[in-house]
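Remarks on the structure that follows.
To keep things simple, chains are lettered A, B, C and D as they appear, and every chain counts its residues starting from 1.
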Amino acid sequence: MTNDMNIPFESKEELEEIRKTLVKEQRELKRKKFLKNKMSVAGLCIVIIMIIIAIFAPSIATHDPYETNVMESLLPPSAQHWFGTDKIGRDVFSRVIYGARISLFVGVSVGGISAVLGLIIGLYASTNKVLDNILMRCCDGLRSIPNLLLAITLMTVLGAALKNVIISLAIVSTPGVARMARSSALVVREQTYVEAMRCLGAKKSRILWKHIAPNILAPVIVQMTFAFASAIIAEASLSFLGAGVPSGTPSWGSMLSEGKAVIYSAWWMIAFPGAFTALTVLGLNLFGDGLRDLLDPLTN
Amino acid sequence: MEEKKVVLSSEHVSQFFPIKNGFGQVVNYVKAVDGVTLELHEGETYGLVGETGCGKSTLGRTLIRLLEPTEGNVVLNGEDISHLSEKEMRKYRKEVQMVFQDPYTSLNPRQKVGDILMEVLEIHGVKDKDERMEIAMKMLAKVGLRPEHFYRYPHEFSGGQRQRVGLARALILNPKVIICDEPVSALDVSIQAQIINLLQDLQKEDKLSYLFIAHDMSVVKYISDRIGVMYLGHLMEEAETEELFSNTLHPYAQALLSAVPNANPHEEKQRIVLEGDLPSPINPPTGCVFHTRCPYAKAICSEKIPVLKSVNEKHKVACLLYDKDLNPDAE
Amino acid sequence: MSKEEILEVKNLSTTFRTERGDLKAIDGVSFEVYKGEILGVVGESGCGKSVTSQSILRLYDEKYTAKYDGEILLDGKNIFDIPLKKMQEIRGAKISMVFQDALSSLNPVLKIGDQIMEPLRIHQKLGKKEARERTLEMLRLVGIPAPDKRIDQYPHELSGGMRQRVMIAIALACRPQLLIADEPTTALDVTIQAQIMDLIVDLNKKLDMGVILITHDLAVVAETCSRVVVMYLGQIVEEADVNDIFDNPKHPYTLGLIKSIPRLDGDPNERLYMIKGTVPLLNQIPNGCRFAPRCPYATDKCRTNMPELKAVSPTQKVRCWMVEE
Amino acid sequence: MKKYIVNRILSVIPVLIIVSIVVFSLLHLTPGDPAIAILGEDATQEAIDELRERMGLNDPIPVQYLNWLNDIFHGDFGTSTASSGEAVTSMIASHFIPTLQLAIYSTIVTVLLAVPLGMLAARKRGTVVDHGVTVLALCGISLPSFLFGLGMMMLFAVKLRWVPVSGYKAMSAGLGAHFRTMIIPAVSLGFMHSAFMMRMTRASMLEVLNSDYIKMAKSKGVKELWLVAKHALRNSLVTLVTVIGQGFIGALSGATIVESMFGIPGMGSLVVNSIGRRDFQVIQAVVLLIAVINVVMNLVIDILYGIVDPRIRLS
C-alpha cells in the first residue's frame, strides 16, 4: 500500500470499541472543561435551584399564594411568614415561590421561541440577497422600537394574559436573535467547507441544515440564554408597570410594584422578589458566558 | 508524441464579477479571468502559477463549476458542463473534485472525519451504512490515516493530517481529475514534502490528472509536467516544465522566474525587477495587460491584444514580440 | 577579520504562563550578531524563532504572561538588567523591528508620515518640520515613489509592497545598530518579495547595521544571509555560514529540511525526503535530544541525555551526539 | 465616503416605512371603536356614524394610513381620545424635555462609569481588577433598572432622606432642586447601560491592545502612556463612538420604567399612564417618535463612525 502507517483494516467489534472510548473521552473532556469555569458552574446551580423551586412550588410554599387575610396585613418576616405578608395579608414567601413558575415559564418559552424563529429567519436571510433585505429591514424596524415600549403596546393590544406576555416578548426578542444568526450564517457561508460541499454535489438544503445550521447553533444557544434572562427582566418590568400578567397572579414584577407603593413601611415586599429576580438572571448570564466557551470548538 | 486524451479543458473562459452601485445597477466588472484557453491531459499535472490577483483560483473554481463562466465553455471528458444546473451537474461531480488551501476551514468543525467521508457517499447514492463505512475506512488508510481517526473531530488533527482528510474526501468518489488550489502553501516544509509525495503516489496509482494551482514556483516546477503562467486574468505562457525554465519567452514569466529565490547560496542570480504596481482588474490596461510594466513594451503592445500561439509543439506564448501575423516586425 | 559584535544572546529562555501551566517556548538560545552581517534564523512554525526575536526587545508583558532567563548583551550591558521604563530608549533607537503583515502592523487611523515621524521625535527630539523632512528622506531611501503625496496617506491606501517599505522606513528612521525582520516577506508575492529583500540587503550595506532575518523559507536564506541559525522546538540545533548549511549540514534535522524542499535546480524524478513524525507540542517535549523521536540516526544515548551546542569548526556549531565520534 | 453615506440613508428609508406600518397596524388591531370611546357608551348611532365619517374611519385601510402619515408630516399626531381631545403633539412636546435630560444625564453616568472601568479591566487583564469589573458588569446586566432604582430609592430617599422619593423639578425650579430629583433616576438608568458598555469597551480595548500595531508601536520605543492615549484610544475611539451612541439611544428609549417609577413626566411615563386610559393615539405617537429618533440617531452614529475611521472616509 502507499504508506507505512497503514494498519490492516480492523474488525467491526474493535472499531466499535474504539468509538466508545473516544466518545467517552470527548464527553469527559467537555465536562472537565465546563467544571473548570467556576462562575458558570455557580450560574448553572442557581438556575437548577430555581427550576426545582418552580416545579415543586406547591410542596415548598407554606401558604396558598392567593389566600388573603386582612388581619395579617404587612407583617414583617417571622417564623410563621418567612418573607412577611403583603398589603392584603398574602404570604410573600409562597407568592415568591409561585412567582418562580411564572418567570421561568415566560423565560423558557420566550427564549425557546425567539431562538427557533431567529435561527430560521437568520438562516433563510443568509440564503439570498432579496430575502435578506426584506427580513433584515423588518428586524431593524422592530428593533428600532424600544423593547419595553413595543412590549407595552403589544400588551395593551392583546390584553393582560400570560400567553400574551410570552407572544409580546417573543416578538421583541426574535429580531435580535435573527440578526445575530444571520451574521453568523454569512460568516459560515464563506468558510471553505461549505464550498467543498457544493463541489461534492450537496443540495442547497442539505448544506443549509447539515453544515451551516449546526455551526451557528452555538452562538444561537448562547443568545438564547441571554434572551431567557432578558425575558425575565422584561416580564418583571411589564408586571411592574401593570401591563404584564393579570393582577393578583404571583409574579415577581407585580409584587415589586405592590412593594413600591408601601416602600416606607414594608422593605421585605421589595427585598425578596427583587433578590430572586436578580439571582435568577445573574445565574443565567453566568451560565451563558460559560456556555459560549464550551460550545466553541476552537477553544478545545 | 501521440495525441493525449483531454480530460478537462477551458475554451476562452472568462469570469467577470459585476460591481453594483447603491441602487443595484451594474456599474463595472472585475475581470478576474479573461478569455483563458487551457487543456488538461489524462494522467498529467498541469501547474498554474501567477501572483495574487492573477485569477488562477477563480479559473480553478470556474472549471469545477463552483462558478458559472461569464463567457466561453468548460468541457469535462468531452461534455460541455458550462451552464448545467446544480442537479444536472451532480453526476459530473464524480469525475472532477477539488482540494483546498486552508486546512483549518476546509473541514466542518462539527462533523467527525468518518461522517465527513460517509456523507459524500450518501449524497451519491451509496445506501448501505456498512458499505459506506468500509469505503471510508479504506480511503482513510489510503491517505495514511489510522482507523481511530475515523471518530475524531477536525480540531484534533494537525494541518498536514487535515489536508489528508481533504484529499480523502475528494478521492472517495474516484474522480479522474483533481483541481488542487494551493494544497501545500499553508503547510510547513517537512509536512509539505509528505503531502506532495502522497499526491504523486495517488496519481501513479489511480492515473489521476491534477490542475495544480500555486504561487510557490519551486513546488510547481517539481510536481508539474506542464506549467501555465497567468497575469491579471490572462494566460501569458504555457510550456512543458523543462522548456519553460530553460527557454522562458514572455517578459512577465522571465521576471517572475528570475524573482524566485533558489535554495543554493552559490548561484549568483541576475534579477529582473518589475517596476510599478499590479494594475487593478476593474479597468486593466488596453492591449496587452502587461504593457504598462513590460521592459520591452512597444507602441503596438498597448493597441493589440496578444493571442496564445504555439512557438513549438511544447511551448505557447501570448506576446506580440513573437506573433508574426499581429506584429510585422516580430522575431 | 575582527567583526564588531553588536549583540550577544547568552542562554536565553522565555517561559509563558498559561492555564495549562508554564510553557518554555525557547530554552537556552545563544548566538551573536555582528555589524554589517545578515544572520538568518530558520525553523518551522512553533520552533521559537519569533519568540526569540521579540524577547530581545522584551515585547512580551513581563508582569503576567512572560518570564525571561539568561542574558542579552548590548554594548556590554545586559538588557534584562535595564528597568522596563528605560527599555524605551533602546527600542526603535538601538534595535528596531519589522513584522510580517504590514497592514495589521501599521496603525490604520494614523497617517504613515506621522508613524514614521514618531521614533524621530521620541528618540531624537526633532521638531515637527525637521521630522517631516527626515521622513520624506526615509521614504525616498526605501524607494517609495512620490513621497510628498504618500506621506499624508493612510496604510490602507498603499499596496502590500509599499506598506512593507513604510514599515522598514519606520524601523530605520533612527539608524539603529540592529534590525530584526520577523518574516518580512512571507505575506508578499515573489516579485515584491525580491524587491523587499534587495532593499534590506542594500540598506544593510549602506547603513552598516546588523540584521536578524527570521523566516521559514530556506531559499530566501540562501540568497540573502551570510550566517544561518537553525532552530527546532525552542532550541538552536545548528549554526554555520550559509554555504556550510547547504553544502554539508551536520545536524540530521538541517539535513532533513534541506532534502525535503523542492529546489529549482533539483531533479523532479527524485522523491522528496520526508522527516517522519510531527513536531511535538511544547508540553510534550521528549527527554534527551528533542529531535531523537524523528531522527533516523537516533541511539539510546540520544534518547536519554541532551547534547550541547558544540563548535565543530571555527564557523560551525551543532547540537548532536553523532558529531562527537 | 459619499457612497457610504448615500447607501446608509437609502437603507434607513425602508426601516422607517416598516416602523410606521407596524405602529399604524397596532392602532388598528386594538379592540373597540375609537368613535365610541370618544362619545361614550350611550351616544346615538347617528352621532357615532357621523364622527366615524369625519375621522375617516370608514375609508379603506391604506387611505387611512396615508392620511395618518400625511398628518404626521405636518406635525399633527392626531387628537387624544381619552383626555378630551387634547392635541397629542402638544402633550408629547411637554413630555419630551424631561426624557431628553434624563437620557443625557444617564449617558454621562454610563460613560463615566463604563469607559474608564472597561479600559482599566483591559489594561489589567487577568488580575483581580479585571475579575472585579467583569462581576460588576454581570451584576449590572442581571439587575433590572427598576430593581436597582428601587434599591437606590430605599437607600437614599427612604433611609438617608437626601432626595425625595419621586417627583420632578424642572431646571427653572432651581438647579439644586432639579438635580436632587434627577440624580437617582439617572444613576439607576445609567448603571444598567454601563454594564453593557463596560463589557464592550473592555472587549474592544483588549482587541486593540493585543493588535500588531500596538506591538509595532512598542517596538518603536513609544512610552506606555502614549501607547494607550495615542495609539490604543484613537482606534478604540472608532468603536466607542458607536457604543456611546447606542448607550444614548438606549437611555432615550429605555427610560420608560425609570420615569414612571420616579414620577418624571417624560415620554416613558406618558406611555405608561396612557395604558390605563387606553389612550392609543398617544401610545402610538410616542412609540413612533422614539422609533424615528432611534433610527435617525443610528444613522448619525454610522456617519460619525465613517468620519472617524479613515478606512471608510477615504474609500
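Note that contacts are C-beta pairs under 8 Å (C-beta built on N, C-alpha and C of every residue); 3 or more make two chains touch, one makes a residue touch a chain.
Computed from a predicted structure; not experimentally measured.
Shared contact partners of chain B and chain D, listed by label, are A, C. Relative to chain B, the most remote chain by averaged C-alpha coordinates is D. For the pair chain A and chain B, the distance between mean C-alpha positions equals 48 Å. Rounded to whole angstrom units, the spacing between the C-alpha centres of chain A and chain C is 50. With centres set at the average Cα position, the gap from chain A to chain D is 24 Å. In chain D, no residue touches at least two other chains. Residues 1-3, 5-7, 9-10, 15, 18-19, 22-23, 26, 191-193, 195-204, 206, 210-211, 214-215, 297-298, 300 of chain A are the ones that touch chain B when the two sit in their complex. Those residues of chain C lying in contact with chain B across their complex are 44-45, 159, 161-162, 189-191, 193-195, 197-198, 216-220, 222-223, 242-243, 246, 256-258, 260-266, 268, 271-275, 278-279.
Of all residues in chain B, only 61, 64, 66, 86, 89-90, 93, 97-98, 100-102, 105-110, 119-120, 123-124, 137-138, 141-148, 150-153, 155-156, 166, 169, 173, 198, 201-202, 205 touch chain A in the complex they form. Of all residues in chain C, only 54, 57, 59, 64, 85, 88-93, 96-97, 99, 101, 104-110, 118-119, 122-123, 154, 156-157, 167, 170-171 touch chain D in the complex they form.
Within the complex, the chain D residues that touch chain A are 11, 14-19, 21-23, 26, 29-31, 138-139, 141-144, 146-147, 150-151, 153-154, 158, 165, 253-254, 256-257, 260-261, 268, 271-272, 275-276, 278, 280, 283-284, 286-287, 290-291, 294-295, 298.
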